[in-house]
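Think of it as A, B, C and D in the order they're written, each chain with its own count starting at 1.
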Amino acid sequence: MNSMNSMISDIKAALSPLETSEPAFRQIAAVVKPDGIHGALAYLKNKGFTQLCILTCIDWIEDSQFELVYILFSWTDGIHIQLRARIDREKPFFTTVTDIFPGARYYEREVHEFFGVEFCGNEDLYKPLFLELWDDIPPLRKDFDPQAYSDSKFPMRENANEFLSMTGGGDDE
Amino acid sequence: MNAMNFVYGFLVLVAVFIFQTTLTGINRKVTARLQKRYGARWYQQFLDIFKAMRKDSTSHGWVFDFGVIMALGGIMATVIFIPVAGFEAFPGLDNVFVISYLLAVGMLGMAMSAAGSGNPWASIGVARALTNMLAYDIPLMIVIFTMIFAFDSASVGELAAMQQGMGVLGWNAVRMPLGGIVAVIALLGMLGKKPFDSFIAPAEIASGPMVEYGGKHLGFMFILHEFMTFIEVSLILNLFFGGGATIWEYMLKYAVLYTFTTIISGVMPRFKIDQAVKYFYRVPLAMAVVQGLVVIFTGLGVKIWF
Amino acid sequence: MSIAVFLAILIILAAASFFVTAANKKAGGFATVAVSLFALAMVLSMKGSVGGEQSFMYLGFSITTVGWYFSVVMLTAYSMTSFFNPFWMKKMIYPAGYNFLYLVSMAGTIGMFFAGDFITLFIFWETVVWSSAFIIQQGKSRKASYVYYVLSAVGSMATLFAIMLAYSVSGTFVIRDAFTGLAGSPGTALVVFLAFILSGLSKMGIFPFHVWLPEAHGSAPHTFSPVLSGGLVKMGAFIAFLSVTAFPAYEIFGDMLKIMGIPAPIYFLMLLGALSIIIGTLMAIKQEDAKRLLAYSSVANGGYILIGILMLDQVGFAGGMMHLMNHALASAAAFLAIAAVAYRTGTTKMSEMGGMIHRMPVTYLVYLISIISMAGIPPMGGFVSKWLVFQGLADKGLLFIAAAAFFGSIGSFMYVFRPLSAVFLGQLFTRDKDVREVGFFMMFPMVVLTLLTLAAGVFPNIILRVVTEIQKSAGIEPVTLARNTIVTTNGFLDAFRVFIVFGFGFAIAFVLFIVRRKSRKVGLMDTYTSAEFIHTPELLHYSHSFYAPFERLYDKAPDTMNMYKKISAGIAELGGLVEAVFYGGKPAKTIFWIMAAGMVFFLAGGVFR
Amino acid sequence: MVLDEKDNRSPWEKIGDYFSANSVWMKWYCTGCGAIEMPPTMTSRFDMERLGMGPMATPRQADVLLITGYLSTKTLRRVIYSYEQMNSPRYVVGFGSCTVNGGIYYDSYATINRLDMYLPVDLYIAGCMPRPEAIMNGFAKLIDMIKKGEARGWRHYQENYEWYKKNQLDSLGEVIIKDEFHE
């Protein structure tokens, strides 16, 4: 556990996080200010956290905030670190981290597609990645209603008796 | 050459188709039993072929159709040349080289049609099939070459007839034991059975050359496969296992040899194509060369035999 | 008409074509067509005057069947290829020079094949080498021309040496007499034999002289590659033929060590032939350029021809001689087909094309039939000749050479299929959507060559009858021919019946195909792609490193060209050293060394006399 | 489609249907979790080869398109593309409750609810997931239907092509799209 404790103290000293915790075994979570993310990532990459496992996002709709979560992994120490930062939900703009982790290009596109967060500096941001021909607000935002979308797009099966015919086909055309 | 030859040739084709397709069905059952399954019906292969012929098909242009016809035509011509228990529809045309190179017409047609579909998987499959052919053919041809030198004949029918009359001891597989082993291994490669089936690998390259075939094209491919199997097994049977004095003996031996390859392939994993080449150029090639040198320089097994 | 007059007319016509081309490029191109067709007609009409001896000033000619046969092969390649000339004139740097040299080299080959003595032979040989070297450098690279010329020069010098040595012993330049005079001294005979055949080997591209073929064929003008491969390479076969027939190699080396009944020097040359089959095949498999691929295939086929001719027996020899014709037809047709494609698309790189069959179906059929012949598949000509070579080998029990022959034969399926698949089949590239088939004038020679290839496969006895005459004139037992049938000790081949049965099978398959319901036509892009949508045909075309898993098995093998490069670097270094020691910037020093060397030679001559 | 439609097949078609029924080759579209139930159905315990069924590598060769589980809009596009590559007669089997009515993904923004709006389903096998027994039972039923000429979904698709196309476009926007990884 020594390496964990020294890592936490290092992080506290170097990044001055708003808050740190240990959510699980050999995992560290640190909440930083949005403008501290870049420096923190560069610092941690130097310390051996060479892998960006994922970049994801959480929609805190009551606080009107998006929380970006960067999870890093160190292959030398075997420690995961979550870096969390909250940005304004109404103005979801953030800078890209592709200069530090080039692989973040796809994660940022994913977050953009599902939450609408814009990462300035990522050239491919507006190319579609997962959703093909999406025509609504980003689907993982809390104010998106999947049931309504599903009802409007994908017809439901209305009556149970039809199922008994076992032949399918469009009886109701 | 008169009309009767062609009638005989046609009858040979029909008979071979029925015989080989039945045998394939039975061998599917054998494979199933190896895997502790009940297996398909013995006539399942007929159903599959007729079903495929019944369906609609898609075509990717004239070479896609032409290649299929050329393949089946070439293979059927080769079947007519194969001597079966002393019977030949066109006597005298059963030269080893004619048969093995006429077989290549069929393969070229199939490769052409497959590549003509425009599907890259088909091209990859063809590339593998041709590489596989280069691997198995050299050891086999060396052994056959030795045999032609030793017996002074390149006629498959004559070579088969020479082995008869001495029982098992007359078989070339016994006279040239290393050559016999090479022949059986090469037969596995020729038939595309495991472990040498990387060119049709269904899960990896979506059945390779067959990827775009459906309907009657696929039916043609199945018929072609039956005929090709017959040619390849018959070639090895005639050259190394003495053919057959009567048609019944021939059929029995044929069934045993073919089922034997099925059983071997039933318990084998698959070689990568470069592994197959390496294998053939290490073990069977060395065996074939040793066998060739022994026969050519000492006559052991051919000139000196009881 | 005497040969000398005929050649003089050809050379005058060549000079005329120079001026015609200078006036009008296209007309100059048509002039080469007319002149080469005239030459072909003249040579064909000479069949009757076989056996004549003629001389003109210092030159001696003798009209032999073999010379006639070779001339016909050569002129077929020249005249058919010349049909392409008018259309390529605007791509040439020096069109007038090209046409002139084209016809001069053609005249040179005729003179060489009808040569009655060594001086004539050598003069015309050099004419061809020089004129073709200047043609090759009009293509893509000059380096190719150097490689070609250097290797030809090695052969030429060796031949000159052999001729002089033979003259010093037997005192005559007349081909047959000069060689038979050597019978008394087998040591000299061996040196003469090896030195003489060296030029043949280098011309035919036998290992280790094969490096010039891919360079020269690959970068020669597209209209000259068919001639190089179909024609000029066969000059080497002529030398090989002279080495074993005019030079009675089997008799002179009769007392030497024999391997399977073949004298050791000849067996050694056969092994070289076998090696070139293997190397040609392996290298052809991994080429990315269609013309280089076909060039390496010429190396491999040269191996078959050499082995066949060197066997000098009833069957194998006939096979070698016939393969010469078949390969000339097939290879010229294949090169012409590639040239036709290059004419429309501007490239010969296989990975830059695809699906040309949908735009150039006739060219495709030409290429298909020529590669079927090259790979030795019935019912084409190549099969019959390879069959004869195999039968000859099996008769003698030459195991290792046969193994190489089989390797080359099966390997050829691999390399000939590659351009077929990459250039003609597969996806049609967006860039080539509007490509059209070549015009009738370019299609004509290709179709003629194709029909000849087919005829050679169905009625092989037409060619084999000439070969039997050659065999008789060479004093060996001719191959037995019955009506449509070739008989050998190991069995017989009835090519016509094989063709008929093939047609029968094809007819059944065709009927079976058309009685079933018509199939739905779909586009090339509508293929199974694991249900993914792909819109770019270039990405869906498999052509680059086609046999990657197989190529990987031998990509570390040493390269002959690199070996030559190392040697040349070594020689350059040595030259630098010599220059530094003996020249050093002061002429006086150089003169001193020359005088010193001269003194040493004179003294040594005096002492050892 | 109605069950009691009169059997007006010609004798040739009857023979053809006999062959089709006894040699049913499948293309599994492994869209969802249902695919895991196929290996036990295929191997020695249940052995579907005895019914003449077997897996095939490509849609061109196959007779049955087996949709094993939920379909996202993205996969539905590929499924439709695959179905149109198949040769008639061709059949579709919906597998599991997701293809029937959306199953547990009934309110998802990404998955469709009813497969038969987009493709002519000949047979549904209900369950989440259906066990191999149920699958075998369903296959036996399918074979019976083909034999009797009742599995006419492919013809239905041809006849009502506009209706299917309209449904497809309503839900998917466009069937064949360009995506970045292949351009």
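Here, a residue touches a chain if its C-beta (ideal position, glycine included) is under 8 Å from a C-beta of that chain, and two chains touch if they have at least 3 such contacts.
Keep in mind that what you see is a predicted model, and the values were worked out from it rather than measured.
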Exercise for the section: Please give the intersection of the contact partners of chain B with those of chain C. Expected result: D
Practice task
Taking each chain's centre as the mean of its C-alpha atoms, give the chain farthest from chain C.
Solution key: A
Problem - Winner on C-beta contact pairs when C-D is weighed against A-D - result: A-D
Exercise for the section: Indicate the whole-number Å distance between the mean C-alpha point of chain A and the mean C-alpha point of chain B. Expected result: 58
Fill in the blank from the handout: When centres are defined as mean Cα positions, the distance from chain A to chain D in whole Å is 36
Exercise for the section: Calculate how many whole Å lie between the centre of chain A and the centre of chain C, each centre taken as the average of the chain's C-alpha atoms. Expected result: 67
Practice task
Indicate the residues of chain D shared as contacts by at least two other chains.
Solution key: 58-60, 77, 85, 87, 177, 179
Fill in the blank from the handout: Touching at least 2 other chains, the residues of chain C are 520, 526, 528
Fill in the blank from the handout: For chain A, residue numbers touching 2 or more other chains are none
Practice task
Could you list each pair of chains that touch one another?
Solution key: A-D, B-C, B-D, C-D
Practice task
Using the touch rule from the top, collect the residues of chain A that touch chain D in their complex.
Solution key: 124, 127-133, 135-136, 139, 144, 146-147, 149-150, 153-157, 163, 165-171, 173
Handout entry: chain D to chain C touching residues, read off their complex
Key = 29, 58-60, 77-79, 81-82, 85, 87, 176-179, 182-183
Handout entry: chain B residues within the chain D interface of the complex
Key = 28, 32, 35-41, 44, 47-48, 50-51, 54-58, 202-203, 206-207, 210-215, 218
Fill in the blank from the handout: Residue positions on chain C within touch of chain D in the complex are 520, 526, 528, 531-536, 539
Completion exercise
Seen from chain D, its contact residues with chain B in the complex are 16, 19-20, 22-23, 25, 43-44, 47, 49-50, 52, 55-61, 63, 85-89
